[in-house]
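In what follows, chain A forms one complex with chain B and a second complex with chain C.
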Partner chain A sequence: MSDSLRLYFKFIGIAFRARLEYRSDFLFGVVGVIVLNLTNLALIWVLIARFRSLGSWTYWEIVMLYSMWLLSHSVYAVFFWHLSRLEDDILSGRFDQYLIRPCSPLMQFLGREINYMGVGDVVFAATAFILAYSRLGLRWSAGQWLFFAVALLAGLVIETCIAWMIGALSFWMGRSRAIYAISLRFNILTQNYPLDIFGQWFRLFITGFLPVAFMNYYPLTALLGKQNALGVPWLGFLSPLVALVLLALAAFVWQRGVAIYSSSGS
Partner chain B sequence: MAIIQAEALSKHFKVPVRQAGRLAAVRNLFSLQYTHRIAVEEVSFTIERGEMVGYVGPNGAGKSTTIKMLTGILVPSAGEVKVAGLVPHRERKRLTHSLGVVFGQKTQLWWDVPVIESLRLLKEIYKVPANIYKTNLELFNDVLDLHHFQNTPVRQLSLGQRMRSDLAAALLHSPDILFLDEPTIGVDVVAKERFRTFIKQLNQERQVTVLLTTHDLSDIEKVCDRLMIIDKGRIIYDGPVSGLKQRIMPYRVLVVDFADGVGSVEIAQAELIARKGQQARFRFNRHQISASELIVELAGKYPIKDISVEEPEIETTIRDIYARSAAGQALGDA
Partner chain C sequence: MKVIYAFIRAAFHDSAIYRFEFWGWVLATFIMMYASYSLWAILYRQDPNAFGLDLARMTTYGALGMLLIPILEAAATPQYYIAEKVRQGTLELDLVKPLNFILHMLYRSLGEFCAQLLLVGVPGLAFASLFLGFQPPVSWQAGVGFAASLALGYLIFFGVSMLMGMLSALTLDIRSYSWAYWSLVSFTSGQLVPLWLYPPLLGAIAAALPFKSIFFVPMSIYIGAQEGSMAGALLSQVVWAAGVFVLVHLAWVRVQRRIVIQGG
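Showing the complex of A and B:
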């Protein structure tokens, strides 16, 4: 395992060097993503300036909600974004190469690329979060910070595993990017606004089926002492469990997928 | 002891049935009908350590599928397979240390970084000891001129250089077995020659077993001792390269330059296939008449300036084998 991890970082090192081959693309990408996020928050600000608040959420609470999601999402984006493009490796037959080397195909695939654009997300998310924290006048205890950190990690695992599972579907379907695009739309939609403003069916969908609400909404309502939309206070503490279940599920789907690949080829 | 053994090896794929006609695209989307496509059917062969075997066949004949089963990428539908004493699809990871694979159509190097970076990473992946890494790099420098382009990103290499880099990548961990799938595709004559010399040297010095698939039959003629021909998933020829022409192609072509003034020419046991000015080409079956008999007979009837005998090209030979296999004729001595 530690050996795999060591190799993974060597892979990432090469992927990073490859990215730097295209320097200006790198810089434009990072700056572009920051501008994109600013636009996003500006839109929410316009909405709130008109309606005072969204549900029971003030502007800075929403900034915190958004930046909490973005913190997890950005790390996912830097390291795992290409999970949604697994189909390319399967269709082009590059996946064959992973199978003729003495290390894990998953590690080779994950180590193949890093996505610099996510770096802009990280910078933006951290800044926005710090601003929101001070504007809301919060004073979290060590325990609360620990919970926050665990929730961030869980959020990372949740988003990664959703993408991983959908990516692995291409072992059966050839392509699965359309499904990923849909899930990403849902994901982004919910992260821009608190769950309170949506109808009941959508709340249940985002909680039970595509559980992205566990990335930020439920843990943050617990941290801010707010009532969550389903009125079940302990949901906020369920994030790590949701993450573990998804991890097991995704690993299973992946394993089945690789088995299918070796019986059907590309 | 045999290093590669395949016994009644088969691979069938399940492919969706494509329908034609109105709204076919939409109907295909929801169709649950499948059919079985036979890629490889009951293929058996044994390859000894140090053999160099050519593996040819038309597109879609089952070459790549066979190689994928030998490397453990694909699980066979039926039959037994053993490579270096291991069952590939069950002990895939262990087997990788004995295998070097070059897929000519796609590189296994990292596209945007210098070649040497890829090799350094492969050294880590295969845990190649420092001294072996060094010896191998020296060999690659000597024979493949690797040092001339090792600091160039792969995307900027010529096809020939890329093929050499891929060979280096496949051989870095000193495998016993080398699978080459169309390695010389698109590569120029000089680079091909270099490739052939290198493979032969490797085979002599290290006893590396080579299985080579290619569309360039001169690769096979110059490198391999043995040839296997696959067509429609079945092996239709397995034997020495050198004997192939003699046994399969009994026809030779006699090219004769007649002296000026010789008009139409006719001879019993040879067929006139071309006449251009004073030069005529006769095709004859060497089992019916020998070249010398034919020459004597011709020279007795007509004044001759020059004469030569042409062997059939190996390509013609193999085309002939495909054709006969398609016609359901048995192979063997004609």
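Showing the complex of A and C:
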């Protein structure tokens, strides 16, 4: 295990240096991501400038919801984004390469790529979060900060494991990116809007089945002392548990998938 | 005409090959339509007087905006096509084809547009009518106006995407800015929020750009809430379309001069 990790960091270092060869891409990418986030928040601002709030949520509360999701997502985006393209390796038979080397296939796959665009996300999310924190006049205790940090980590694990599991589905189905596209929609909606505005089945779906609401909505309602959409106050504290369950599930699916993998033979 | 037909057929075939993939995209569109519907339903409950129209028309606007994304996305085909060819270094193969390059792109994109209109548009309309209280156009004139306006909006979007595609020679990774480009288009086009709800300054900026012709003009005609007369709105689209196509032509002439074919 430790050997695999050491190799992983080596791979990532190589991927990073390879990326640095394309300076203008890096610049375009970071600027692009910041523009994307700015316009997203501007759209919500337009709505709230007109309607004062969205349900019981004020503008800066939504900025906090948005940036909390983005903080977790940015780390996912830098290191694990290519999980969504696992199907390419499986369909093309490139996955063979990982199996013949004496190193964990997962570490080889993960270490192959690094996505600089996430850097823009980190910068944007941190800035937006600090702004929202001061605008809301919050004074979190050390315990609340600790919970916040744990929730961020849980959010990272949740998003990564969902992508990992969907990617691994292509061991059986060949293609699974369409499922990824659907999960991405739920992710984006959870990032942008409080769960309260959606109907009951939608709430249950992103709580119990595709638990992206544990990335930002439930922990944040707990931290802000707001009532959540299901009216179960302790749900927010479940996010680390949700993350662990997903991790176990994803690792299981992955292992089964690798075991039944047969090369495309081309 | 035969050439256009061939491209349309090819686009339909593509959707048939990746059938599972295709239904995934349709489902993703349904989700976004539902989300937009929910958003307007909540805001309407908060302040019914802010809209100047009834709830059903507002949620119809919201759902329509989401349904039009996969359909109008066909207009962005050249952007991805050119970027891919530049990356592979095989753009010159397109220059020797016995078909004007801009027309080639238009046919390719038009095939995609027709396929999406039928394959996503019809299930989308069915879904929205069944579950989201989706309304037909306010009158038959509005229906005809919407169709004409959508076609013009498509042409303008196509032209802008051609310009973006030619610009893409600057960077290899088109993904990095295509998202930003889409978000700017969606922001200034009224795709999610109708422009009359924008604060004055932002509204004025959006009104001065061509993007409102892509989503806002056809959608507002559909619900009978366009600014001024329908003929005036359509005329402004015609002017934008003409302007954008002149720009595309000029840009393409310049790009052709600058292309260097490397031998060996």
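The working rule: the second predicted complex is superposed on the first by the 261 of 266 C-alpha atoms of A that agree within 3 Å, B and C clash if a C-alpha of one lies under 4 Å from a C-alpha of the other, contacts with A are read in each partner's own complex, and residues count from 1 in each chain.
Following the convention adopted for this analysis, a residue touches a chain if its C-beta (ideal position, glycine included) is under 8 Å from a C-beta of that chain, and two chains touch if they have at least 3 such contacts.
All figures in this text were calculated on a predicted structure; none of them were measured in a lab.
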item: Clash or fit, chain B versus chain C on superposed chain A; value: fit
item: Partner chain(s) touched by A:S262 [first = chain B, second = chain C, both, neither]; value: first
item: Which superposed partner A:E21 touches (first chain B, second chain C, both, neither); value: first
item: Contacts of A:S92 with chain B and chain C, given as first, second, both or neither; value: first
item: Touching partner for A:P102 - first (chain B), second (chain C), both, neither; value: first
item: Which superposed partner A:F11 touches (first chain B, second chain C, both, neither); value: first
item: Which partner, chain B or chain C, touches more chain A residues; value: C
item: Touched partner set for A:L244, first chain B, second chain C, both or neither; value: neither
item: Nearest-approach distance, in Å, of chain C Cα atoms to those of chain B in the combined model; value: 7
item: Residues of chain A at both interfaces, chain B in one complex, chain C in the other; value: 22
item: Partner chain A, residues of chain C touching it in the complex; value: 18, 20-25, 27-28, 31-32, 34-35, 38-39, 42-43, 46-47, 50, 170-173, 175-177, 179-180, 183-184, 186-187, 192-193, 197-199, 202
item: Contact footprint of chain A on chain B as seen in their complex; value: 13-14, 65, 68, 71-75, 89, 92-94, 96-97, 99, 101, 103, 106, 108, 110-113, 117-118, 121, 124-127, 153
item: Residues of chain A defined as touching chain B within the complex; value: 7, 10-11, 14, 17-19, 21-22, 92-94, 96-97, 99-103, 262-265
item: Residues of chain A touching chain C in the complex; value: 22, 24-25, 28-29, 31-33, 35-36, 39-40, 42-43, 46-47, 49-55, 117, 173, 175, 177-179, 181-182, 184-186, 189, 193, 197-199, 202
